[in-house]
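Chain IDs A, B, C and D follow the sequence of writing; residue 1 opens each chain.
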Amino acid sequence: MNIAKRLLATVAMVAGLGISSSHAADLEVTHWWTSGGESAAVAEFARLFNATGNRWVDSALAGSGTGANPVIISRILGGNPMGATQMNTGRDAEELIKAGLLTDLTDIAKEDGWYDFFADKTLLKPCEYEGKIYCVPINIHSWHWLWLSPKAFEKAGLPVPKDWNEYAADFGKLREAGVVPFGLAAGWPLNGIPQVLLAGVGGTDLWMKVYGDKDAATVRGPEFRKVAEAFAQIRDAVNPAEVVPQFADVANQIMQGTAAGNIHGDWIQGEFSLAGAVAGKDYDCIPGLGLNDRIEGGGDAFYFPKLPEGTDPAVIEAQKTLARLLVSKEAQLAFNLKKGSMPIRTDIDLSGANACMKKGLEILSSPDGLLPSGEVLLSSDTQQQLVDLNQEFFSDKSYALDDYIEAYAKIIEAAD
Amino acid sequence: MTALPATAPSAVVPSGPRPKRVAASRIVLYGILLVAALYYLLPLYVMVTTSLKGLPEIRLGNIFAPPLEVTFEPWVKAWTSACTGLTCKGLSPGFWNSVKITIPSTVLSVLIAAVNGYALVNWRFRGSEFFFTALIFGSFIPYQVMVYPLVLVTASLGIFGTLQAVILIHTIFGMPILTLLFRNYFASLPPELFKAARVDGAGFWRIFFQIMLPMSLPILAVAIILQVTGIWNDFLFGVIFAGTQNYPMTVQLNNIVNSTQGVREYNVNMAATILTGLVPLAVYFVSGRLFVRGIAAGAVKG
Amino acid sequence: MASVSIRDLAVRFGAVTVLQKLRLDIAEGEFIVLLGPSGCGKSTLLNAVAGLLDVSEGQVWIGGKNVTWEEPKDRGIGMVFQSYALYPSMSVRKNLSFGLRVAGLPKAEVEHRVARAAKILQIEPLLDRRPSQLSGGQRQRVAIGRALVRDVDVFLFDEPLSNLDAKLRTELRVEIKRLHQELGSTMIYVTHDQIEALTLADRVAVMSGGLIQQLATPKEIYRRPVNRFVAGFVGSPSMNFVEGRLSTTGGGVALEVGEGARVPLDGYVFATPPQDGRPATLGVRPEQLTLAAVEGGSRLPVVFNLVESMGADSLAWGRIAGALASMRVEPEEEVPTGRPVEIFFHPEHASLFDAKTGERL
Amino acid sequence: MAETSIDAAAAPPPSRFLYNLFRRNLSAKVAATPMVATVLVVFVGCTLWTVYYSFTNSRALPTGDFVGFAQYERLFAARRWNVSVRNLLLFGVLSLVLSMTIGFLLAVLMDQKIRLENTLRTIFLYPFALSAIVTGLVWQWIMNPTLGLQTTLRNLGWESFTFDWITNTDMVIYALVIADLWHKTGFVTVLMLAGLRSIDDEIWKAARVDGIPTWRTYLSIVLPMMRGVIITTLVIVGSAIVRLYDLVVALTDGGPGIASEVPAKYVINYMFSGGNLGQALAGSTIMLAAVLVFLIPWAIIEFRPKKER
């Protein structure tokens, strides 16, 4: 039987391999900012955090929401949490909060007076749960931006449109001039477009009825049909073979004038600034499709998972330091300039911001500039169903408008 | 003896070996094999040539054109400095992680599967056949069905997000097919061999280590190749169970290739892709023939 | 039925010559056995006749037709293999009829032939079974049936009985003999078992080194082996050999064996006149030796050391001039052991070979 | 299968049961514990856990309460799920039939004593050593209309050549099949070749003497004899098809739209991004049920009539 003992010993030795203890003040930070502009922005946070004596251990996860989310959630659930993690503010983290897996930041918020300097109090709402705050919003991203290429319109001999209706009307002429009327990247970049059309073409109250009250009748109504028609218009203007792999490629098309325009989040500015493009000259930006001066703001926030007992207290302290630093004036300025998103506080010197960011800040500073974010109003499950529907409708030209509207209504009916 | 016919049937009297007429079927045979070989080699050609081109040449030329001026810079960049998000250490950290994952997993899963196969054939106990059938059924259950509960199981064992977790998972999911191969192989050995050892009074483990294992070289080669290629190429378990500091090469590759660096460096991506595939390819080339012979012994009896 | 004629046939695999240029003419309906140790080329010759391998030189004629370049199926031959080679996934009936159906014979004809073959080989009850459900003997009968149904002119057997146990082997041997008598087809049978050769063959071709050493009736092969190889190979226990020198001086021809013994050879029919002093080997079969003196016979000095009883008769083992030798005796006969004695034989029954070339003198 | 344990009849009946359970073949049972544990905990345990939670409305965490078949109703109403199932069936049948036929044909061709057999076998088998992710990436570049084959041939003058399956909703599944065939047919070929080589040469001689043409011999005699290899290959290839995930993520990521979605991807997306565990586990259970529908008949044939073999 001694052979059996030897066998069991080898198994134990093999399994013991590879346990590594982590250095006291290191803080592992996971996020899915892997594009050029995005990594440059997060580098700013890292630089400032390292200046506090701690060490920012970067764990970037490719695949944005769909790729990174599973890993983040399963690591927290699995008891091997990271020091801090970026996540879209919204219902994703809700259940983790309910399960008590995330650190309560209320006292830091009170000490530093977040409620005073935050540009829009509603930004903190998604982080609140039963009166406590569990995350630090660090920027405001908005999908509701229309990006246009002055060069493309010049090539087509057309004036740069002021709003969505003018732009959509030019689709035909742009195509004849050999310009791609609407630049689109494959995969998730399509998912944000329907919301922008809903707020822009549909207007704020339609937005509130559909997303807020989840009123299916409105979806079957005439106003929503206009929104659906606009989406169908884009579908017909886009040739599947011209879909490019990444949103950064669309940014290049707009700068070179091969594509006339595109609806994408403001983080695309990171790619524009990386390539040295100048807002207003190399590219133009219209918030809310030029039809609605209120835009949906959602953003990224950092969550701080509860670390297992026995973790070095210096690491827990480092979590607090990072939380405070993220909302500091200096960090907000440095990060958002690079990222191209709007900061959560307006009491900072934003002279360095480009023309488009200034338009955004204008909307942000007006009292109810921000529409409540779809991420907060709708559960991830409903959002995923809408994504599947939009993807299918967009890729199948034979999918009738009425069927699309009916399917959309059913999802909204069952939404929770 | 009957008289031989006077006139020879045809001008040429058939004698000696049949003339090798280059049959149409022979040409067709080689033609089909050639086309099949091209189909198989095309991707490798694209990968290698693109990985040796500079970026400008890629953007202008087409991916099938051979490289005009060959540069190994993409390979160096893929190995040392390609960026996955902020950290730009290339694939090398991933490579060592893959090694740390693959070797223990292969050793453990092959050993356990060999013992299973041996026990199933020679030491049948009540229920052993049931468990074997359940194991084969298990190999059909899609991983996705079991990923979530396994996260909880490994978490409760406190090893989630560590090397042990991913090693355990690979051992579990490698077991069905390997046990099937070992069982078929041991079943094909002459039973007298085992009986003789029993008569000499050898116990379960002594027979296994001193007689059965040394004899199972062909099937051992097959099991090792299947496991090394399977584990090295795995992405799903690596990304979920290994933990970020233990990400295998495939996860790193996916980060590099999918990270939107603005301009996509196809040559670096392809170099990284080949680098990731090098180890399984090398293992396969080294023991290709053993693999085939082993497969014959293991699979054929099946 | 057809004659088979092999003309200057040679087979080479790369540098190795397996069959040297050899000629063999087999009459119609004759039962020829190719006998020889493994590696002597007998199977290669059979496969060459069957057309399963290309010959390097020479021709194969069957039924007066030059079939050297023909496909096996066009040569009118049927073959029975050592491993039976039945199609495991098909029933016996399908095994028998598959070749006919592929050739496109009408259904009725196929059924008729299968029934006839089944009756001849008494395998009617087995027709719907799978080969794996049959015994070795039954499988071999089905294999024979496969050739039978195709009304072939020539039957080829490639060591068909070597996988069977002794009792079954004799049973099937008799059956093949009966089949030959009943059908009268030409048959070429390859074996390394000399009893099969002697019992089945009309004529036996003893082969070695890719050459036919001797082609003759079994009796002729047994009685007058053409060289030492044939003599030693055929007959069990094998022929006794005594080395010595011929001596024609001192009245009559004799063989001087070591220790000065002279073995008189008068009565032995010499092919060529004996030369004095020529080294020669005397070959005497165990049953040709007797303890009792033989009138007009010759004598040999021997020392016996043991007696093996084989039931019907016994075998006495000893040494003649140092060489191992055996003598067949009646079970009850007393054999003096441990001391030199003399045993007797008729020279005209014995064989004499040139010590160097092994050729019969 | 030699039953070699010591005869237990000697021990008195009541303790015989205990004796059987523990003493007899003790080391065998100890050795088999990893297998038994895997079967019980992983395959049986996790599957039951999955099936149970598929009847709840749990979201990110398995905490939801019982809701009966609600998740299944929603599943079968979801267009993406139905498209995924249809895709997997179409892909599964095509991939299985084509890989087995092409694999067998290539093996037959290579069995004709050709000179470059070893080099060809290496060429056919090397893709199997690469991961599905690598396969997906390379074929995505080759089949990409703006980058790969289509542009190249058009530049070479063949203006009208179109090969845009990867971006065409009706044809994208066939693009998946091409990439998948490239990845695994070599393995099937090698298995089949091993099977062919294990056939006794005298069977071939007998068939040739019977006048059966080569192709007919392969079809009616050799193929039925390869039942063992074919079953093993089906087990290996079949179990991989059901798990199709990496290749889709790397080649098309389910696109264009949801045209190349597959059940495994639906499950992973809803389990994590969609944050709806209940719905994902319902999908997993249906995948499992589909697998069982194929497996049970096969298992009955394979394992029950043990005596006859």
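Following the convention adopted for this analysis, a residue touches a chain if its C-beta (ideal position, glycine included) is under 8 Å from a C-beta of that chain, and two chains touch if they have at least 3 such contacts.
Since the structure is predicted, the reported quantities are computational estimates derived from the model, not experimental observations.
Shared contacts of chain C and chain D, meaning chains that touch the two of them, come down to B. Any chain that touches chain A and also touches chain B is listed here: D. Most remote chain with respect to chain C, judged by CA-atom centres, is A.
Counted by C-beta pairs in contact, the busier of A-D and B-C is A-D.
For the pair chain A and chain D, the distance between C-alpha centroids works out to 37 Å. A straight line joining the Cα centres of chain A and chain C is 92 Å long.
Work out the mean CA point of chain B and of chain C, and you get 54 Å between them. With centres taken as mean Cα positions, chain D sits 15 Å from chain B. Contact with two or more other chains is made by residues 27, 268, 271 of chain D.
Residues of chain A in contact with at least two other chains: 1, 4, 70, 74, 77.
Chain pairs that touch one another are A-B, A-D, B-C, B-D, C-D. Residues of chain C that touch chain B in their complex: 3, 5, 25, 27-28, 54-59, 61, 64-69. Listing the residues of chain A that touch chain B in their complex gives 1, 3-4, 7, 11, 14-20, 28, 30-37, 39, 42-43, 46, 58-63, 67, 70-71, 74-75, 77-80, 82, 245-249, 251-252, 271, 274-275. Those residues of chain B that touch chain A in the complex are listed here as 83-87, 100, 104, 107-108, 111, 151-152, 154-155, 158, 160-164, 167-168, 205-206, 209, 239-240, 243-246, 254-256, 258-264.
Residue ranges of chain A in contact with chain D, taken from their complex: 1, 4, 65-66, 69-70, 73-74, 77, 91-92, 94-96, 98-99, 186-187, 240-244, 379-381, 383-385, 388-389, 391-396, 407, 414.
Across the complex, chain B meets chain D through its residues 29-30, 32-33, 36-37, 39-44, 46-47, 50, 62-64, 112, 115-116, 118-126, 128-129, 131-150, 152-153, 171-172, 175, 177, 179-180, 184, 187, 191, 194-195, 198, 203-205, 208, 229, 232-236, 250, 253-254, 257, 266, 269-270, 273, 276-277, 280-281, 283-285, 288-289, 291-292, 295-296, 298-302.
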